[in-house]
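These notes open a run of structures that come right after.
Next come two complexes, and both contain chain A; in the first it sits with chain B, in the second with chain C.
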Partner chain A sequence: MEPSRAAEPAEFLTGRRKFHLFGLTIDECIKVFFGGNAVVSVVVLALITIFLFKEGFGFFGLNQQSLRVYRQAGLEYVDIIRAQQDDHTALTRYLSDLRLRQFNYFTQQQHLAPAEANQRLAGFDEFADRFGGAVGPIRGLVSDLTETVTAIKDKFTNTENRKEERRQLLAEGRTADAAKVEITAVDFAAELKPLLATRPAYVEANAEFARQLSAVIASAPAMPIPDLQARMDRFKQLTGEYLAGFPAVEQKLKTWDYTRPVPWYQTVTSFILGRDWVTASFWQDWYGVIPLFIGSLMVSVVALFFAVPLGVGAAIYINQIATPLEQKLIKPAIEFISAFPSVVLGFFGVAVLGQALRALSQQPSLAWVPGFPFSERLNILTAGCLLALLAVPTIFTLAEDALNNVPRSFKEASFALGANRLQTIVKIIMPASLSGIISAVLLGLGRVIGETMVVLLCAGNRIAIPDFTAGLAVITQPVHTMTGIIAQEMGEVVRGSIHYRALFVVGLVLFFLSLLINYVAQRIVRRYRISIG
Partner chain B sequence: MVTAATLMETRSPAPNLRPTMPAAATGQPAGTAAPAAEVLIDIDHLDFFYGASQALYDVSLRLDTRKVTAFIGPSGCGKSTLLRCLNRMNDLIDGTRVAKGSIKIRGVDINRPDVDVIELRKRVGMVFQKSNPFPKSIYENITYGLRLQGATTKARLDEVVEKSLRGAALWEEVKDRLHTSGLGLSGGQQQRLCIARAIAVEPEIILMDEPCSALDPLATAKVEELIHELKTKFTIIIVTHNMQQAARCSDKTAFFYIGRLIEYADTQQIFMNPSNPQTEAYVSGRFG
Partner chain C sequence: MAALVNPHIFQTRPSAARRWERACFGLFGAATYLVLFCGAAVFLTIVAKGSRTIFKAEAPFINTTFFTDAPESLYVFEWQGKKLEMGDREHRAFIEQHPDAAKVKTESYIYAAGGIFPCIVGTVLLVVGSMTIALVLGVCAAVYLNEYARDGAFIRFVRLAILNLAGVPSIVFGLFGFGMFVIFFGWNVSLLSGWFTLAFMVLPVIITASEESLKAVPKGFREGSLALGATKWQTIRKNVLPYALPGILTSSILGIARVAGETAPIMFTAAYVVRDKLPWQVEKFSDFFFQGVMALPYHIYVVSSKIPQNEYTERVQYGTALVFLLIVAVIATASILLRNNLRNRYKW
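Up next is the complex of A and B:
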């Protein structure tokens, strides 16, 4: 009996009857399963990041080439003159605005009939026409030059296409066919000669232009009331500044040199600091992220402006003031908002909120609100309001967590010292949970900046930097966003093209922005944990 | 279990569980304990509920000015609840109510609807079981109560900070780092900081809810010493699980069991010669 009893525990120890799968014990299987899941997530994340970088960085080379051609083909030269023409157009717009103001003054203050008002404005109209007409010769010149340089650029593009064709043929091994492809390098120096030869003509036209403008300005009609006269004086001043800029333009054209190399960093700066996002243009494509970045930022700021007080306020109410019944009702309701598919919210914004806000803005009693009334129903405000709704649950939940982490004993100590509820919240609870609340707000910002559907549907999608001179009214202007542009344009770009890659770089910017926001939020939370102890 | 059953039995034949209430409680001239003592807090037949469950049953108790009174009893006996009734901290818990009876401080029923509870809490300070300085500097911790009352001049605040810290026997240890966080102090120092914070608003009564239960013996000794000094200025009520502590630092002791006041007398009498068998069982360590 003795030996067999001794064998029993030994058999138990060897674990012969343990379950095996692919030669692994059950413990190891569990480890492999969970470890595998973690590894897959990390690998997928790494692959996505690598892909983003790979596709994105190609952009900078292509963009550099594009900028080089812009200079070599003389497009830059023409744009210098065109900028002068555009400035003149801006001045004419100022005049149209002034005319509208006068017209309104005559019809509304003086109660004249429209026809009569127009008659009164005849003198002004003649003045405006002469001002507008003076640019004629310059405009003609620009349009001629545009044709010239477009032709040069086309030649270059053709050459590039041929080169590409030959490369493909060679790759297929059809050397004979490849040899047949003719490639004639563009001789920019020769091509640009006629362009540069027009400079004396330009200088002459410009002098005439300046003379005419000065003459027109000297005969500017007087305005009926001081307010309008002040605007007219401002116009004269602006025109004076405009004229004073002419020598600089001429100087620029004189020193312009198509052989000057495009510095390597310009491809990056033209993206990061570029104020234009122009694609599929006959002239020159520009990939500047600034209008999109500002659009995203403006929409997010407006969203947070609404979401932070709502989210944090609701969190404070639920955590500090509400009765248990209220807590039971309100908390799930707020958290339920995040269950809305964002496309449904966007649809609601297009169909209902935009209309409603516009109708509201046109109430005469609300005319004092900056930006009211507005006519664009899809704008920063509409998108911001909806995004606020999406950010509220994030901010609310995280801020409530932060408030919950404030030890109950702080609250009791404060009450025991004779503080009332408000004093306790403001002086003890809020400071103790401040870093948690800040990180809640940051994560709300991350949620908002990455949101796509709502901004695509509701932000108005005008690719332009909003006019900040309008003050707060800027929020009633339409914008386009970084997320929106990717969603909108990715479907219609040629794979591998500069435009395609530019969208990837926008994606990279978003990626780094989110990374930064999350990193900062986590840092703040960590510090907060230490300070509470 | 046996002891509990015995207790149940002993209670039923003796419905009057306050045989040793001081003479003052029955309206006769106080002669037994301290002839000069003046009644400050008068708890009269108090019933208290947490929602549906009753926590205090018919508690009557009179506490004297400038004495240290200890509340002792096993966990869940209602001593902390009664303490928190005295500055109405129980208001912060949903569903609590005083069903019957009254608590009068200087003759004013503190549960009357027109009583300003904020004013009450300024008069009745509190020190908690776990030290709970605010996550602010030592200086701000102490001036918090004063600032709530509108005191803002620096000279006045400085004066009170020094006075309170000296009063809490902490001044020498922290005078060079008044503007560092209160959370950087040791456990015993934090608790004394909380006492300093409570006395800074110059209350009449200080409630201490097991102030030493989280402290080591040395820190406990310091706090006990402090209690001894504070009683010259304040009326102190201390809840404690530590019977030696009650014996060491209190003038009077009240023993509670399952929501009832079993015995209230001079501390010496409670520990040397308790008149109730339950009290004797508890103080001699047979249960609890």
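Up next is the complex of A and C:
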């Protein structure tokens, strides 16, 4: 046998030479192509993270600078005094509430004519006027100082704009023009001198203010009934506390120092813990996510409050109780509800549901419901009801799957032991599928919290933390949400501005929130799955 | 009465447990029907009020101008004792004829006249483009995951990514599309940006649906083909995909409903509030991809939030909502019916 023959491959093993591309056979190329498509999902997820970070991360630097200017230009100083003034305003509101209660007492309980009731209240009015007027000197001071510090801030903003202009000119290579741009650095120490010079005047005004308030309080009129008298005593007590806080304010102003650095973490905490979202204001912009987060949370809680019993109840009914015909008809119908576009539901809320709920709330027979009657057509309740309708199909479908996965033998064993159907459902099937049901509820929550159009159209869009002192009635107040604020303000902001970046950070919060909800849902399913063996 | 006195021995007697059972089942049933009732209430309200816009009493019974015209402002004024309502163009022609009409006190409502043709066109374009992208990416990814991939850390990672992608809120996709396509790639507000944003949003739905269909093809099909000497790709092409394709397509229809129904992702990436030109009225071909379009969901948002609610604006609001709801509903119903049909078709 010749050795060369043996080295050659047998003819039947390979008909023709294999085509190679980058060292891969065709089949391998195809595999790589398909694999590449599978990686897209990972890439997209990574890109989302990257781009949200890329656009949003600059926010923290800009916000820190904004906070620094807030301090250096003396805005912070003025806000300390302003807070004092605002507390006084809150007290006067308490007084006017007290007046209203007295007026109602006179007209409704004693059946006096309104004119007569007003006459009876003349003494009280004089008292309230004197109380309200006492703040005069402080108010004057604040408005003067406001002008001073706004001027300083404007000057600083101007300088920054000039710097930006020069930077642009330099970038375009126009050095000569750039040299012409005049930049005068703002000397904060010199600018703040007149502001700090008002300290003695403030101390004086404050002393006068305190003296007047004490005098007014001492001459408080007596109330007609003990209930109102108790409120008056409470008012006196509050005013006493307010007065006791004065030295602290003075101390704060005395130690206030514009050179104190703004720590780096403050830019993060002012976003995460900030209670104000104020934009495009002449004074100071605040980017605090708390009111938006609470808004989103409240709407979701209301939505789940309705959606969980309905969704899980419907799932149990369809899976365990309903006749085959019902099953066949109702399942697709509920799936059909899930196809309702959210913007149509939002429109329905604006056009129909808001009005209907308000009309319902004004029925005298329903006055016992907390928060009823309400006057705001668009509020947490309206948005929550519509979101519940969106969440029900999600919860229903997933919960029904979970119930379906419970082995038949569980049910049969329960029946064999003499349990009736209800006992079987409550004691056997529900606990066995609980992990699936909980994860269904969580995924429903994810759906609701990420929903945009319904809350944008129906939640009322008032950026404020709802007043929780109202108890359950809080659900009839309007709120703004994280998703809503992005949709509403993104179209109007300047690209690259602090506001624009703040919206991206809100998006980042939403993104990680949804990942967290997803993760927890998966964990629950995996951890508490009943092993069927 | 007789039955109570002398009951049959096997007749179930009313007991507390049974009453409880009855009551609880009643509650579960009530929950189910309440959900259905709410869904029906929303649907029927919009159908009832919207059908006044899209149908009319005389032949051809359908308000064709609502489907073929662009939105325009509505002018309402009194003229010689009669109340007249006119669209923008009609009103201008009227003023040319009767110059006095210009002086009459006229109320105008933006977008309240004309039709929604450009919005329908824009939505169709968005859906077609984004579904093409999503189907190509999604089906290929599913083929890889189901046919090629072996279980390992990488595949688990891919699956985790898909699962998480499905939970990301649509507005976050909008932000991402805005940051990446509109700004970073410089595509501005355009069809292309909208296509990719929507495609990525719907990708998890398509992948999951495709994988399920591929899984439904019996293993024997593949083994038989491989045993006859076919390569892997030949097996997939000839013996797996043809049987999985109907399932993939029907399940993907639900993805279409999702793409058509979403507003938030296209708000900053593809949708214009108003645009005079139709998408094909472009100077050069490439401009086609880089133009923004009007879209039905965004138009609904605009007409329900930016203009007041009254009898004149109501028509266009409900009309648009109904048309949109019907489009999405038809797509969704088709998908549900086809899927149920398909389940019974192949039995292996």
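As a convention for this text, the second predicted complex is superposed on the first by the 484 of 533 C-alpha atoms of A that agree within 3 Å, B and C clash if a C-alpha of one lies under 4 Å from a C-alpha of the other, contacts with A are read in each partner's own complex, and residues count from 1 in each chain.
As a working rule, a contact is a pair of C-beta atoms (placed from the backbone, for glycine too) under 8 Å apart; a residue touches a chain by one contact, two chains touch by 3 or more.
All values derive from a computational prediction rather than experimental measurement.
Trainee: Between chain B and chain C, whom does A:N420 touch in the aligned arrangement: first, second, both, or neither?
Mentor: After superposing on A, A:N420 lies in contact with both chain B and chain C.
Trainee: Considering only touches as defined above, state whether A:P341 meets chain B (first), chain C (second), both or neither.
Mentor: The answer is second: A:P341 touches chain C but not chain B.
Trainee: Tell me which partner A:P431 touches in the superposition: chain B (first), chain C (second), both or neither.
Mentor: first
Trainee: Would you check which partner chain A:P407 touches, where first means chain B only, second means chain C only, and both and neither mean what they say?
Mentor: first
Trainee: Considering only touches as defined above, state whether A:E204 meets chain B (first), chain C (second), both or neither.
Mentor: A:E204 sits against neither chain B nor chain C.
Trainee: Among the partners chain B and chain C, which is in contact with a greater number of residues of chain A?
Mentor: For chain A, the partner with the higher number of touched residues is C.
Trainee: Should A:T483 be classified as contacting the first partner (chain B), the second (chain C), both, or neither?
Mentor: second
Trainee: I'd like to know which partner A:E164 touches here: chain B for first, chain C for second, both or neither.
Mentor: neither
Trainee: Once the complexes are superposed, what residues of chain A are shared between the chain B interface and the chain C interface?
Mentor: Touching chain B in the first complex and chain C in the second, residues 420, 423 of chain A appear in both lists.
Trainee: Could you list, by residue number, the parts of chain A that touch chain B in their complex?
Mentor: 323-324, 407, 409-420, 423, 427-428, 431-432, 531-533
Trainee: Note which residues of chain C are touching chain A in the complex, please.
Mentor: 17-18, 20-21, 24-25, 27-32, 34-36, 38-39, 42-43, 45-46, 136-138, 140-141, 143-145, 147-149, 157-158, 161-176, 178-180, 183-184, 200, 203-204, 207, 231-233, 254, 257, 260-264, 267-268, 297-298, 300-301, 304-305, 309, 314, 317-318, 321, 324-325, 328-329, 331-333, 336, 340
Trainee: Would you pull the chain A residues touching chain C in the complex into a rising list?
Mentor: Listed in rising order, the residues of chain A that touch chain C are 26-27, 30-31, 33-42, 44-45, 47-48, 51-52, 54-55, 309-311, 313-314, 316-318, 321-322, 330, 332-337, 339-348, 350-352, 389, 392, 396, 420-423, 443, 446, 449-453, 456-457, 483, 486-487, 490-491, 495, 503-504, 507, 510-511, 514-515, 517-519, 522.
Trainee: Hey, which residues of chain B end up touching chain A in the complex?
Mentor: Those residues of chain B that touch chain A are 87, 89, 92, 94, 118-119, 121-122, 125-126, 128, 130, 132-136, 144-145, 148-149, 183, 194, 197-198, 201.
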